[in-house]
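Below, each structure is written out as structure tokens.
Each of the next two complexes has chain A plus one other chain: chain B in the first, chain C in the second.
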Partner chain A sequence: MNASAGLMLRLAPYLSVVAIRFKILLQYRAAALAGFGTQLFWGLIKIMVFVAFYASATSPPPMSFAQVLVYIWLGQALLALLPWNVDSEIATHIRTGGVAYELLRPLDLYGFWYARTIAFRSAPTLLRLGPMLAFAYLFLPLIGLSEWALPDPAGGLSLLLFVCSLGATLLLASAITMIMHIALLWTVSGDGFNRLMPGIVPVLSGLTIPLPLFPDWMQTFLYWQPFRGVADVPLRIYSGHIAATEAGFEILLQLAWTAIIIAFGYWLLIRGRRKLVVQGG
Partner chain B sequence: MAQILVENLEKRYRIAERKPGLWGAVSGLVNRVYRDVDALHGVSFSIEPGELVGYIGPNGAGKSTTIKILSGILVPSGGHCIINNRIPWKDRVAHVAGIGVVFGQRTQLWWDLPVIESFDLLKDIYRVLPLAYRTIRDELITLLDLEALLDTPVRQLSLGQRMRCDLAASLIHQPDILFLDEPTIGLDAVAKLSLRHFVKRQNRERGTTVLLTTHDMDDIEFLCDRLMLINHGTLLMDGTVNDLRSSARRVVVDFEVVPALSPEHLALRLDPGAPLTERVEFQVSSQVPAFVSAITAGYPVRDLTVEHQPIEEIVADLYRRLK
Partner chain C sequence: MADSIANDFALYLKMVSQSIRSQLQYRLSFLLMSIGNFVTSGVEAFGVWALFDRFGTLGQWSLPQIAFLYGLVNCVFAVAEGLARGFDIFGSEFVKTGNFDRLLLRPRSTVLQLAGHEFQIHRIGRFVQGAVVFGWAVWMLGIDWHAGKVLLLVFTFVAGVAFFYALFIIQATFSFWATESLEIMNTLTYGGVETAQYPLAIYRKVFRRFFTYIVPLGCITYFPAIAVFGIDDPLGSSRLFQYMAPCAGLGFFAAAIFLWRFGIRHYTSTGS
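Then we have the complex of A and B:
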């Protein structure tokens, strides 16, 4: 009891940072609305493409069409969670030397930034999630397109495990985004990452094409890379493509990747701070 | 024991040099040339609790580098520094909890947030207890006259308003040391005055130790008993404002007519080369009363004032001589 109260006291500043940044980001409703429009459009196009694929399939595909629908709609809803861009606030701090003030706070710098990164990944996602679910789950059946709608989860347990996995996804995606933030200490401008990552992340996470549909010879590689944990895993837990019995291990794997990437980020930040010192804040 | 002890502090920056032009850019990719710049060159001083010290010097003299090292942001290349029994950069988190810092050139408030929410967030970040926070916050709001600004987002504040808020933000955790790096830069006269009064009060009544860099000599005259002058990374002077002033006096005389000054008096003119007019400024380093009686006895004088040499000029002279 005492230990947990002590932990809360230690974590309190970081939680406040998450809360306040979250609140600021929720103000960007226009961007969310625009994003929602685009993602809706892409979701419908992808469905039409897969309808065509599945109609002409000669052998049974490794995923049912319902599972693909889950993958597409939840993928679109959770798109903002993908670690493919940097928080412009942190980028500006680094470029203009505002990092000096960050170092004046009695907080661990990694923790301070990680807290903000969690808010940066989750707030825009939350803004888009509601409308997208409402459209894909409620609205499509209403207009007679129930065969394109978001299906129910594979079961109550699968839904619960999906929520847990989604939590792990947030931690993992934030840890990957942190690597990009820390790398800014060297590259200064975030443009490089902002162009590189949108090419890599959607493919490796499965959002371009669901990972189970890739050729067999690629599956081992796809299984053992961290980006799978930012989309493929939770989406397949929801649809039951990953059985509830296997989901626990998959979530552990997500958390293991998170731990590895956080450790790497920590190490990188220590080196980056030395670099910062050379530049003179 | 001294609250801030600095011994032989050194800081060397490595700067990547690039030759001009396209070829320079290309060859820089392969063969980086570095140049070492000594920002601090063995600076030593000590500050007792409750002192209010002015730290002045031309641009690039090493003032900000010193402040950043004392704040734990930068690691020096050599030398020692102990503040409140800690080494700032080794024990950064514990150290920064006990100091307040304001960089006049940038804000520590959250740009998109109303001022009061920045304060609330700082309360959480510094783990200030709610009761203590309410007391100190209300006191700062009264003293710095912030009531009307609290709900305004920081980006909409004027520079003077923002600086008052920044000062309050740096004191929410009640640090016993305050570093102010050019706090009055860009402020209008009224804003400067209110800032000065507040800093003086904070120092007198709370006993907060203040180290202040500035280019504004009025700040120094109003605030500081002690003055440190730095240039090219070396401390040139550490003393009182009066030490810097020296005993030289400026004697400004308005004569009835353009005077026919004796050669001895001509030589004492501030600007010996200037053409003579009714008003003549003399620079007198000793025997001021004798000089004044000689002038009043020897020439028809309408008015005469004796003043200290303005501190700006003293410092400007010093800078010039040191270059």
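Then we have the complex of A and C:
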């Protein structure tokens, strides 16, 4: 057996976990529809707010209005990717003591949960992506609101790099979600940490306000923090605010953050397992 | 009649105080949840500030004026969200599980029982941040206060809580049919908070009409705020209308109770 076939054999159970969970989560169509309605409304409100701000701009903002439109619509379409909540089944396992069974499996616990997390982040996103794009790209121009519609990508290469960057986003967002899962092993403080995430993540990822619009003196800090990789980077690659020539480096940066956060999560899980008390009788 | 209302109210207060006491048993948890609530809702204020830092103004509106609207709607929403928890989780924890049957068997109204179900004290986090922003706005605006404006503000506050409370009741009512808490109502609750942070005048006509005549969000935020600022409404509403507008919040509450009673008659239990 050669080395790559051996690796595939070892990866196979994790890949099938991704596939199975993905198929299960694709069943939640009603939730996706509700999410679509919610995000549509938020998108429209945000656009009207930005229209008003852009109308009163005295100096040209560091981002064109078309680029803001990309940011808003793709941001809303990809909202479910954002690492701000936890897989409630994993949370229940930890709370009820089911984690003991998880530890008995002949799989690496981090790998097993990471595979589940990838499905948890990607399936709901995929369900919402289609309707959102159809609405923002096709439907809005039809009802005479083309000035609010999702613009075309900056170019073919930008589109391709956007898709690559989105793949890195999924890996990074899942790695951050894993930290939240592992934090649950510390019952009280983990819960507190996880409650802070829905506040911090939308701001630092750019979902609240496009990151380039924050004051100039904050830009260095905003550039060197990992949450930028879960929204800001792919959205700006699509709109060309990050030029295609720089996009490669940005994607590498996303992957570097992913590696760092996975390593940290691994270390955290080892520590968490050592102090783990199995709840329930 | 008056006797039974007083008795209901006493019972409600008792349920609320029990709920508070039980939450205070977990002090660290309460503290962390309050801080979490403060931060998650407070970052919105940071976002608004950042936009003003970038753009200077929002048309004719200044940052303190937006801060006034922001603080008002956040305080009002924090109180409503804390009080209406029973209705908020009604779909998933009462209808889906069949637990609502137990409430129906008790010799008290379902509204009273759900209202007293839980009073979430950690919502104080949002309330405090809203109050801080509101205080700053009032200080910056240098409003020419008189008794009428103070009364209007108190009235607006009460009507605003009633308005958001009503949204949670409507959300709960829908779950009689959907047997779930519907996420779509978030557009009106959380989305309403987001929307009301900015003046109604910046939105398109369709949205303005919707938030004035159908879901009267503007009536408990924008219109009374214009009267408190003492400026002319760019939408052209009269001062009298601005003072009377919060009535719509109370009317909306009455309509929600009516809808709730209608919904109960269509309730079929999921329990076995």
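To be clear about the criterion, the second predicted complex is superposed on the first by the 267 of 281 C-alpha atoms of A that agree within 3 Å, B and C clash if a C-alpha of one lies under 4 Å from a C-alpha of the other, contacts with A are read in each partner's own complex, and residues count from 1 in each chain.
One rule holds for everything that comes next: a contact is a pair of C-beta atoms (placed from the backbone, for glycine too) under 8 Å apart; a residue touches a chain by one contact, two chains touch by 3 or more.
Bear in mind the structure is a predicted one, so any value in this text is a computation, not a measurement.
In the superposition on chain A, no contact is made by A:186 with either chain B or chain C. In the superposition on chain A, A:139 makes contact with neither chain B nor chain C. Residue contacts after overlaying the shared chain place A:105 against chain B, while chain C stays out of touching range. When the shared chain is aligned, no partner comes close enough to touch A:249: not chain B, not chain C. Which of chain B and chain C touches more residues of chain A is settled by the count: it is C. In the overlay built on the shared chain, the residue A:96 is in contact with chain B alone; chain C does not reach it.
Common to the chain B-facing and chain C-facing surfaces of chain A is no residue whatsoever.
Those residues of chain B that touch chain A in the shared complex are 13-14, 39, 65, 68, 71-75, 92-94, 96-97, 99, 101, 103, 106, 108, 110, 112-113, 117, 121, 124-127.
Those residues of chain C that touch chain A in the shared complex are 28-29, 32-33, 35-37, 39-44, 46-47, 50-51, 53-59, 180, 182-184, 186-187, 191, 194-195, 198, 202-204, 207. Of all the residues in chain A, the ones that touch chain C in their complex are 30-31, 34-35, 37-38, 41-42, 44-45, 48-49, 51-58, 61, 188-189, 191-192, 195-196, 198-200, 202-203, 208-209, 213-215. Looking at the complex, you find that chain A touches chain B at residues 9, 12-13, 16-17, 20, 24, 27, 96-98, 100-101, 103-108, 274, 277-281.
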